[in-house]
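Each of the next two complexes has subunit A plus one more chain, namely subunit B in the first and subunit C in the second.
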Partner chain A sequence: MTIKRIGWLLAIISVSSGLAFAELSINAEVVHTEADGNKVIITLTPVPNASSYLIQKSLESGEWVSVIETRDLEFNTNIENDISTRFKVTALDVNRNVLAEAVSEAITTEAKWFNIKRLNRFIALILISGIILYYITRARLNKKIYLRPVAGLQAFEEAVGRATEMGRSVLFVPGIMDLDQVETISGLIILGHVAKMTARYEADLNVPVSRSLVMESGRETVQASYISEGRPDLYSQDMVHYYTDDQFAFAAAVDGVMLREKPAAVFLQGKFYAESLIMAETGNSIGAIQIAGTGSPSQIPFFVTACDYTLIGEEFFAASAYLGSDPKLLGSIKGQDIVKAILMVCIGIGILFETFNVHFFKNLFLGS
Partner chain B sequence: MFWKRTIPAIIVGAVGVIMLLSWFIPHAPFDELEIHATQWYDIIASFAMILGALNLLKLQGRKVIKHQKGWFYSLAAILAFFMTLTFGFFIKGGYYPVLISAGDNPEAVYSRISEVTAIGVEEVRNLYAYPSANGERIIMQKAVVTKRYAQKIIEELETLGATVSMGELKWGSHVQGQNTYYRWVFYSFFTPLSATMFALLAFFVASASYRAFKIRNAEATVLLLAGIFIMLGRVPLGAYLTAWTQKISWLSWMHLPTIQEWLYQYPNAAGARAIMIGIGLGIVGTSLRVILGIEKSFMGGD
Partner chain C sequence: MYIGILGAWVAVFLTLSILSYLYKDNVFYKLSEHIFVGVSAAHWATIAFWNQVQPNLFGRLWPQAEVAALEGFNKFWYGIYHVLHVLFEKVFPEETINGVLYRGIGDQPQNLSYLIAFILGVFMLFRLIPKIGWLSRWSLAYVIGMAAGLRLYGYMSSDVIGQIHATMLPLWTGNLGESINNIILIVGVLTGLFYFFFSVEHKGALKIVSRIGIYFLMVYFGASFGFAVMGRISLLIGRFNDLIEYSGKQYGFATPILLLIMVAVLILSGRKEKKNKEAEA
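Let's look at the complex of A and B:
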């Protein structure tokens, strides 16, 4: 009790005397680990009459380099991993005279093997993947899976059949992006199914592409489809051909093909940007039956307006499972639907908690 | 079949899993995998570009040779291809005079420089009165400056008493630099043509909107009304027409900019997010199918 009183007395004296006893000290603490360098929090004790504090850090060579000049007593900075670093703080008055100096303990940081701030998304990934894998396994075990009919997907066969009856070609555009986009992959998967139909019906298939890698991959896909339908004789490498990488030049080329060849069926399946409406409206003007599908939300309204059928969002990614007969693919779609239902419940719970100003549930989904 | 289907499927699966996990591991070597993978992708795509170019020439060349319908467009494409290739790799332009000293008759020199640079004499005087040690580059107002033209200007300036040397853009920098053939092709042909195609969008939006807004059923009517509110709410006319609602507190919500903001921020955002969630799940599902090798048709498998 006596010691506590003495402590209070000292504190009162120090405050009343303008913190005459305060000495500059520096505390550096690692608070966060990232791949590109560790975040360090620097805390200073105040020095009377100091107008600013110059912070420096040591390099491997032993030199000191300036980090920041600040008036704050706490700030953060990044340092290199696996390098012992020390911080030096110099208190300066208004005339830039040195009032005090202090050096921190050497600290070393290292990259972690797991970014804990992404734990929630890692768990979500495991859960989503687990559910999808579970339904794939269920489908393998011949459990019957029902998927609701999608008008756009049912119209694929009708569109190719119409082109055959009219003696005109089928035009398939797998977007304007490269193979690093999942929409392009999905577009190529759908191309495989459309190519099977054109092989069956002996309709001409024309696939203009805007990326060389997509051309090579598209050729493999179409060839495999023609072979699987027993019509390798109908396949030609030139079915899938390259025009240009440029967005609007490609749109001009595709429009030219539409106006010259007047295909009876146009499939726009892949990643599209502003050229979506230019292509879709041109296809509309020639009277072709048009089926579009994309994962670009901003292009969906254009396709809905100008095309006969549009695969919106997830329908586009599910097309392969619908068009094919592989139960494993159907299982993955069922898994996605279950995840979607879980998300809907989570959104409902989130709305409820947020309405009552309780934020813990929302915070579960936040991360860096 | 093993080399063409199984091996690529194994590579896709392994790379997919590693790249997925690397997002959670901020430790070497995983932290830089994405950068390396992107670089490898760019390198492979660059080589594949040759295949694309050859395919383009083959198909367009065949059309020209066989005089197929629209063969002259193909001829234009081939000529444009080789022209751009030539200006990219073989002929560059981009020459310029370098003023070392204005000599004894600086006013006459500045006057001539003013003519070729299309800037006022006073400005030229300020720019070139104190040339730096390495001289001052004279940028001529021409789309392309050939060696011959630059030499002609140099001779003219030397006749006036100036000391001038010849400078030229290096290969590589000619792609971005001024007065080169490549830049001329890009800005005089390619950019206007691209802009033309983009401009067509405005007319297509008009025709598509007309079709979408035709009243056929209840949904189309809702779409039409929402469209009208959004369009009017985003222009000054909408605010002007409903300005009177601001004077009556219980009617203030009827101000058109307020209605359009509500439509945009709530029903529209809700619909867009629903689609986004579906797309996100679709991407996860497709990626899983590809990584697990269930979906191989894009590689030519069944």
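Let's look at the complex of A and C:
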């Protein structure tokens, strides 16, 4: 009996003096494979009767801020690079009484130059760029490159010619997005070629845009085309004009232009969203010859339905090479074809391995 | 209450005006189109300035700081801010909290590298001065170059590597349905990819492969089109629900009254137009 009492007494003393707290510990470790470098793994040792663990981290000012309250004994979190950070864990029971506390060693993370997990992308990038550069060099050395005919591209000149014959304008919409979209840039390159045609045929060109930067670069492009065709007198800054950044307000404005000016040729070339069908249907209703082109898979169906010709996906990006016959662009098209062939072979090999339940090849293409 | 009723009348008028485009281009459509374009252009310009330029550019160059604690370069730097405050008080605010004077915007950490963005932005405005307008090309070059570089990795990762990984599927999985699905997917990807070969003439067997590819694409386009049409119809139903709601007594019968007025005006203007045409003929 006395021994039992002594046991209880020792237990109470040990708890009150913090000896029982020694079980709890927290370890913070930097995940070195992350490119951002600021990911850390937190591991805890469990405490009996703990229902949750409150994790806090130290700020530069010395304050503690809450990170998470969890039951997990291991989890990831992020900290700011180049700042010494400590983590504190507080074990809580069901009544939220503090059972124990522990503080980790200070750790510091730093941004990495190289993420080994993305090595496959790096190699692919080097290979693809190398192949394309090789074919560009070949094209520059006057090696002849064949390009198969694409119906939509052959219709460009026909559409501008038709507008000229009818005495009506040519409407060109380079999408609704800004210059940070590849489709917009591609649309502006095509605009340059269309502007050359309108300059040659002396047709009116109308380019409504929905972004100020696109307006500026559109003006530069059109002006350069008119100068290169020897008709700077026909160029006017008002050819490229801004309406609004708002998607549907822009669509309403373009519809208004179509209904009032009744252009004979409408080019919808760029990045489009839900307004694509509204514009294409209006162009269709006024009887204009419409040539659309976009890389947005969700909008192609609307253009296919309502336009006379549609440049689908890569055809749209290849358009500038077709229209311009620049060896650099032609070479890049050939290079991309070779890359596609290599990728198809890779897919074939991967399928074979997967069919025989061998996964190493597929894992080479894993993302992170 | 009155504001709610007025709002309902404006909403009904603008909705019916836009829908009147289904009849033909008319004065109501023109009016609503011009209101829409004008209001949205102003709205976007305001949003861009107060949500982007002021907090994200000026806020990073001059985050809020206690004037008395400023020293060295920052003392001079916040002196410039004070001059700007005198010129444009709303954009560059100063405030006194508990008797302490603070200058700056927001609580983001100071980052003077944003001066580069600021200078490039100012270059764009040089378009207004023809002699130095060429400087704006630097800003455009930066935007295009930056976008191309940033997008390159994204496209490589999702459209190339990710797609290849997702297409490497076993031809036989032990489950007939799943295996057929895999085969359809593989044939669709390979033939679809082949359709986009530009430097090879599509004739003979290659033409058949390319044709199969375009059939797969068309099936996708058809499904996507149907899906989008369903979405558009639900949007239309939403507008009709509003029009029905606003046709009640509590909104002063906004929908039927405005509809009747607009129809009457359109009929009258149509007759007038017809008469004018006849007179011209």
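What we mean here is this: the second predicted complex is superposed on the first by the 259 of 368 C-alpha atoms of A that agree within 3 Å, B and C clash if a C-alpha of one lies under 4 Å from a C-alpha of the other, contacts with A are read in each partner's own complex, and residues count from 1 in each chain.
The working rule: contacts are C-beta pairs under 8 Å (C-beta built on N, C-alpha and C of every residue); 3 or more make two chains touch, one makes a residue touch a chain.
Predicted model only: the values in this text are computed from it and were never measured.
When the two complexes are overlaid on their common chain A, residue A:Ser320 makes contact with subunit B while staying clear of subunit C. Touch criterion met: A:Ile312 reaches subunit B and subunit C at once. Contacts of A:Leu329 after superposition: subunit B is touched, whereas subunit C is not reached.
In the superposition on chain A, A:Thr90 contacts neither subunit B nor subunit C.
When the shared chain is aligned, subunit B comes close enough to touch A:Gly192, but subunit C does not. In the superposition on chain A, contact of A:Gln290 is made with neither subunit B nor subunit C. Applying the stated contact rule after C-alpha superposition, one finds that A:His241 touches subunit B and leaves subunit C untouched.
Within the superposed three-chain model, A:Ser228 lies in touch with subunit B and out of touch with subunit C [touch as defined at top]. In the superposition on chain A, contact of A:Thr109 is made with neither subunit B nor subunit C.
Residues 121, 125, 128, 178, 180, 182, 185, 212-213, 216-217, 220, 243-246, 248-249, 252, 256, 260, 274, 277, 297, 300, 302, 304-305, 312-314, 318, 333, 340, 343 of subunit A lie in contact with subunit B in one complex and with subunit C in the other.
Chain contact summary for the complex, subunit A toward subunit B: residues 33-36, 111-115, 118, 121-122, 125, 128-129, 132-133, 136, 178, 180, 182, 185-186, 188-189, 192-193, 211-213, 215-217, 220-221, 223-225, 228, 238, 241-249, 251-252, 256, 260, 274-275, 277-278, 280-281, 295, 297, 300, 302, 304-306, 312-314, 316-318, 320, 324, 326, 328-329, 332-333, 335-336, 339-340, 343. Interface of subunit C with subunit A (complex): residues 18, 21, 24-25, 29-30, 32-33, 36-37, 39-41, 43-44, 48, 124, 127, 136-137, 140, 143-144, 146-148, 150-153, 155-157, 160-162, 164-165, 167-172, 186, 189-190, 193-194, 196-202, 217-218, 220-222, 224-225, 228, 232.
Considering their complex, residues 120-121, 124-125, 128, 145-148, 150, 178-182, 185, 212-213, 216-217, 220, 243-246, 248-250, 252-253, 255-256, 259-260, 274, 277, 297-298, 300-302, 304-305, 312-315, 318, 333-334, 337, 340-341, 343-344, 346-348, 350-351, 353-355, 357, 361-362, 365-367 of subunit A touch subunit C. Considering their complex, residues 20, 23-28, 31, 41, 44-45, 48-53, 55-56, 58-59, 69-70, 73, 190, 193-194, 197-198, 200-201, 204-205, 207-209, 211-212, 272, 275-279, 281-290, 292, 294-295, 297-302 of subunit B touch subunit A.
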